[in-house]
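Listed after this line are the structures, all set down as C-alpha cells.
Common to both upcoming complexes is chain A, partnered first by chain B, then by chain C.
The block that comes next holds the complex of A and B.
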C-alpha cells in the first residue's frame, strides 16, 4: 500500500502551520489495531496542532478515528501507535516531550495524564466510578498531582464543583454518581478534568448524551472556564451545530485522515473538500428548504478492514476524477490565498 | 404557508388522543407495596390528521416515547381514550380493545424504533424479520411472502439478495432501513417513529429522513415523529407538540411553533439548539435547576420553578392546554401577553455548491504524482 509514502509527504506540509504558541503538535500519527479479522488502520498520518487557549473541533462520522486521536494523546488507546510524534508542551515551560516515546504507565506519562492533559468522555454514566463519591474522585486527582494535604484537596474539590455551577457543592461532593442527573454528572466530569488546571483538555463528545438545554448549559460552562483558565480544548464531536458554537478551528476527519483544516468561519462559509461540503449540506437547517429533500452523501463509510486506493472519499465523492482520485492519495495543501486553510483533495492541487 | 406542503393532506382526523395517562407504580419494601406513581404521561390531548407528520419533542424523561408506545398499546394506558380511524372497522377506541380485537387493528399502526441494533432479532434473517408481520397476520405465505419481502426491501433501498443474511452484517443505517421495511409490511396507515434517526451519523440520517418522506408521499402515511433533535423535527413535521413532564405544553404548526412560540419552555428549548453558523453564537436562556421528576412534580404549572416569567398564579394553578387561535394550543397563563423569541432562520449561511465531476485525467499527469 502506498499509504506510508503519501503520509510522510503530508507531515512535511502539515508542520508548516505550527507556531511557537502550540501546546500540542501531532505529526503523522499512525495507529493500527491488530484483530483476528485483520488489521484496522485507524489513523493514517494525522497531523495537526492546537494553539494555546484555542478550541480545535475535530469532526467526522463514526469510525473516522476522531476518538482514537484523542485517546492516543492520552496514551489510553488500545491500538498500537506505529509512527509519528505527539509533541506536548505544558504551560509556562519550554520543555517539549514526545508522548509517543513515553511508556504508557511510566511515571512521566502518569504525571501528564490527568494533570497537564485531561479528558472528558461521552458517557458520564460509565466514566465515573459508581462506588466512590464524586468528591472523592475529584480529590483523588488533586492528591495525586497537586497537594498531599487531604483537607486542602477537599477544599479545592468543593471549589471546583462550585465553579462548574453545581448548586450546593458540599452536598454534591458527598453524593454518588447515581444520585446525580446526566447533566450534573457531566459537570462533575468537567470539574474533575479541570481540577488540576490542565494545559490541554480533550473533550470526546461531551454533550452527545445530553438534552439540548443541558447541552447548551455545558457548552456555555466550558466556554467560560476556557476563557478563565486559558486551557486549550480539543473538542471531538459529530454535531456541526456544536462546532459552530464552540470552536475556533476545525479539523474534518475521514477514514483516519484529516481532509480539511481551517478556521471555523472558513469551514462553514468557504468549505473546500467535497466531504465537508456534503456534510454541511446534509444537516437540516432551521427555516431553510423545509419540506424539500435533504442532501445525503451516497453510500456508507467503507469497511474498516479494507483499504481504499487513492483518496479514501472517492467512492462517495460527487466530483471524483477518474484515473486520479481512485489511484493517487492527494497531499494536504494550502488553499490558494490562505495560510491557515488546508485541504486534502485533487481539486485544489 | 408551507404547512400544507405535502399533497394528500386532509382535515380528516386519523388519531385522536383524549386525556391519555400512563402511570407506572413505584414499589418498595418486602411486600412490593405501591408507594407512589411515576406519572410518565399525565393527561394529554392531541390529534393527528390523515397524511400529516406530528413531531413530538421534549427532553429525556418527559414521556414522549411512553406516549408513542401507549398509543400502540405496547403499554396499557392508565386512563384516557385513543380513537383511531381504522379504514376497515371505522373509529375505535384502542384503549378499550382486547387482544383479539387489537390484532385486527394492529396492521394499520406500526412503529420504528430508535436503536437499530437492539430492535432486530439477531437470530432471524432479514427476510424472516420483514416477513414476520405478514405471517402473523396470515397475509401471505410461500412464494408470495418471499416476493412481498423482496419488494419491501427494494422499497427501502436494500438489495433483495440480502434477504438471507442476518442483521449483524448490516450497518446502522441499513438496519434502520430493515426496521422501516418491517413497519411497512402490512401497509399501515399510522407509523410511530420513535427517535428513528438519533442513533445514526449525519449523512446517514439525511438518507433515512428522505426515505421516510418518500414513503409518506407514496403510501399516504401518517407519522407520529418522536425525537429530541429540534432541527430534524422542524425539517420533517407539519405540526409539532412540545412535552414537559408528562404534559403537552404547546402544540402548533411547525412554522408557528418555531418562529412564534407562545410557551416559555418552547422558547428556552429553541434557544438551546446549537446553530450551525459560527457568526451567530448564541447564549442559551438559563433554565435554573433540572427537569422535575414525574414522580414528584412541583405544584401549579410544572414549569414555574424554572420559568423566568412565572408569577404567583403559576405556583398554584395549572394552566390548561387551550387554543389561542389558528390551531395554536398552549398551556400557559400568559400565552397572549408574553413576547417570546423564536429561532432565527439560517438562510444567511450559504449552501456551497458541490463541485462537479471532472473529466478523466490523462495518464501522464497521474504518473508525476
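The block that comes next holds the complex of A and C.
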C-alpha cells in the first residue's frame, strides 16, 4: 500500500512522507470546535496526500469539512486540532515538517504561510484589505519572505500582476480593491498567493462568487500558472463541473471524512461510493431527456453536534446494509484492480 | 481635494450665518432684557431712576429695536471682527471669550488626546482577548465610567484628593503663581489644578469609545481580508494594528466631529464645580442674563467648532480610508 493511511488512526508505519512525490500528506486529522452548544467534530480522521505538481479537488456538501481541512493545513482554523499529522515538504528539499506540531502563530508557521503554502479564498470582494493598494498588499508578502528591497518587491509585484493577465499592471498596482471588479480582485488574490512561488496553493472555492465567464477565465489562468510554476493545488469546491475542468485527482468528503479518492476520470466514469454516485446524479446535464426530474440526495446532513454510529452516510444511503452500515465504520480500501482508487464503503470490502 | 475643502469652507460660512440668525432669535425669545435686570439693580442701589436715563440706556443698548435690527447690528460688525460689547460687564465680548477659550480648548484637547490614547489600545486588547477575565474587567469599568455622571465623579475626586493630600480646590493657579511668568513650578501648579477636570472629561468619552472600538474591531476581525493577511504570514500584531485597526477606527474618527464642541461645552458642569474659568460657565451666564452679543458669539463659535470638527473628521477619514476619497 502506497498512498493510503488506514482509516483507523494508525498511519502507515514508519512514514515521513511515503512517496517522494508528495508535497503534503495529511494523516488522520481530527479537528473539533468547542462551542457553547456543544462540541462539533468537524474532521474525524481525514487522510490524504497531494502529489507534487498536481491538482487535488476536494468536493462535498457545505459543512463537510473541506474548508476546515484547507485552513488546518495553514493552521488558520479557529477549531482545535486534536490529532493526526500534517506532513509538509517544501520543493526540492528532503526536510519534512509536521505542521500540527508548529506553534500556531509562531515564526516557523509564519515562514510557511504565504511563502511555501498560500491560500485563495471564496470571496474576492472582501478578501483584499480596502485600505491598501493592491500592489502594496502583494509587496507585503514579497517583502516578508523574499527580499528586503522595496523597489525590487514593487517590480516583482507588477510582474506577477502582469502574469495573471492584468491589463496595465502598473496602474492596477496603484489601485485600491474597490476600484476593481470581482474577477480582477480574484486575479489580484491569485497574484498575491503566487508571488512567492509556493509549493502548495490552497484554493477555497475561488470561483464560487464569480460569474461563469469570469470563472472560466480564472480557472484557465490557474491551470496555466500551475503548469508554469509547478505548484500543487488543493482545489476546494462543490462544483463538479469545475472539478472536471481543473483537477487531476479528486477526494470526496462527507461529514469530516474522505469517503472516496480517485483520479478525476475514475470519479466521473466509475464512481463507487453511493454518496459520490448521488452527487454526480444531482448535476444537471446536457442531453438528458427533458422533463426528467433531477435527482437529489434524500435527507439532510445530520446535525453537527451529534455523532452518527457506523458509516456517517447510512441514514441517507440508498444501498445501506442494515446491521452493518449503521453499526460499523467502514475502512478505507482500494477498489479492486486499482492502485489509486480508494473508497470507504461496506459495499466494496 | 483642495476644491473640496474650498467648497466646504464656503458652505460653512453660509451655514454659520443661518445658525447665528436662528440662535439669536431663540436667545431673545424670553420676555425682558438685560436692561431690565440692570435697571432693577440700579433702582435697588440708588432709589428712583429718572425715566430719561432709562430711555438713554435703552437707546444705547438698542433693546427696543426689533430683533432682526439687533441681529444686523451685531452680525455686520462681527464680520469685521468686532463682536460687540458685553451688556453685563461693558467688556469687549472678544476679550471675555478669548481669555477663556484657550483654557477650554486646552482642557478639551488634552482630554480628547487622553481619550484616544486610552480608548484605542484598551478597545483593541478587549476585542482580541474577548471573554477573558481582563475583558470582563474592562467591560465592568467601562460601564462604571459610562454610568457615573461627570459632576459626581468630579466631586468625589475633589473631596478624596483634598482629604488625602493637599489638593488645591478651585481655579487654575495658586495665588502665588497667578501672575507669575510661566515656569516649571507654575506648570506643575497648573497640572495639579486641572487634572481632575481632564480625568473626568476623558473618562466618560473613553468608556464609550472603548466600547465602540471593541465592537468594531470584533466585526473587522471576522472579515476575509484579515484571514488573507494572516495567510500571508504576517505577525499577529501586524495583522491587528495594520490591517484590522485601520478598518475599525472609522467611528472614532467620525466622533471627532461632534466630540470637539461637546467637550468644550460638556465641561460646563464640571467647570462650575471645580470653578475653572472656561467657556461653559460663561455661556450659561450669558444665556441666563440675555447678554445677546456674548451668547450669540459663543453660539456661533461652537457651531463653527462643530463644522470645523466635522471637516477635520472628513479629511482624516479620507486619509484613513481610500474608499471615501474623492476622485
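Basically, the second predicted complex is superposed on the first by the 332 of 349 C-alpha atoms of A that agree within 3 Å, B and C clash if a C-alpha of one lies under 4 Å from a C-alpha of the other, contacts with A are read in each partner's own complex, and residues count from 1 in each chain.
Convention: a residue touches a chain if its C-beta (ideal position, glycine included) is under 8 Å from a C-beta of that chain, and two chains touch if they have at least 3 such contacts.
In this text the structure is predicted, and so the values were computed from the model without any measurement.
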| item | value |
| --- | --- |
| When chain B and chain C are modelled together on chain A, clash or fit | fit |
| Contacts of A:337 with chain B and chain C, given as first, second, both or neither | neither |
| First (chain B), second (chain C), both or neither touched by A:118 | second |
| First (chain B), second (chain C), both or neither touched by A:269 | first |
| Partner chain in contact with A:78 - chain B first, chain C second, else both or neither | neither |
| Comparison of chain B and chain C by chain A residues contacted | B |
| Which of chain B and chain C A:128 touches, first, second, both or neither | second |
| Which of chain B and chain C A:328 touches, first, second, both or neither | first |
| Closest Cα approach, chain C to chain B, once both complexes are overlaid on chain A (Å) | 10 |
| Doubly contacted chain A residues - partners chain C and chain B | none |
| Complex contacts: residues of chain A adjacent to chain B | 61-62, 167, 181-184, 211-217, 219-220, 238-245, 247, 264-265, 267-271, 274, 277-288, 290-291, 293-297, 300-301, 318-324, 327-328, 347 |
| Residues of chain C touching chain A in the complex | 223-225, 227-236, 243, 246-247, 320-323 |
| Residue numbers on chain B that touch chain A, as the complex places them | 2, 5-6, 59-60, 171, 173-174, 201-207, 209-210, 213, 228, 230-232, 234-235, 254, 258-259, 268-269, 271-284, 286-287, 289-291, 343-347, 349-363, 365-366, 369 |
| Partner chain C, residues of chain A touching it in the complex | 74, 76, 105, 110-115, 118-119, 121-123, 126-131, 133, 137, 140-141, 144-145, 176, 178, 189, 192 |
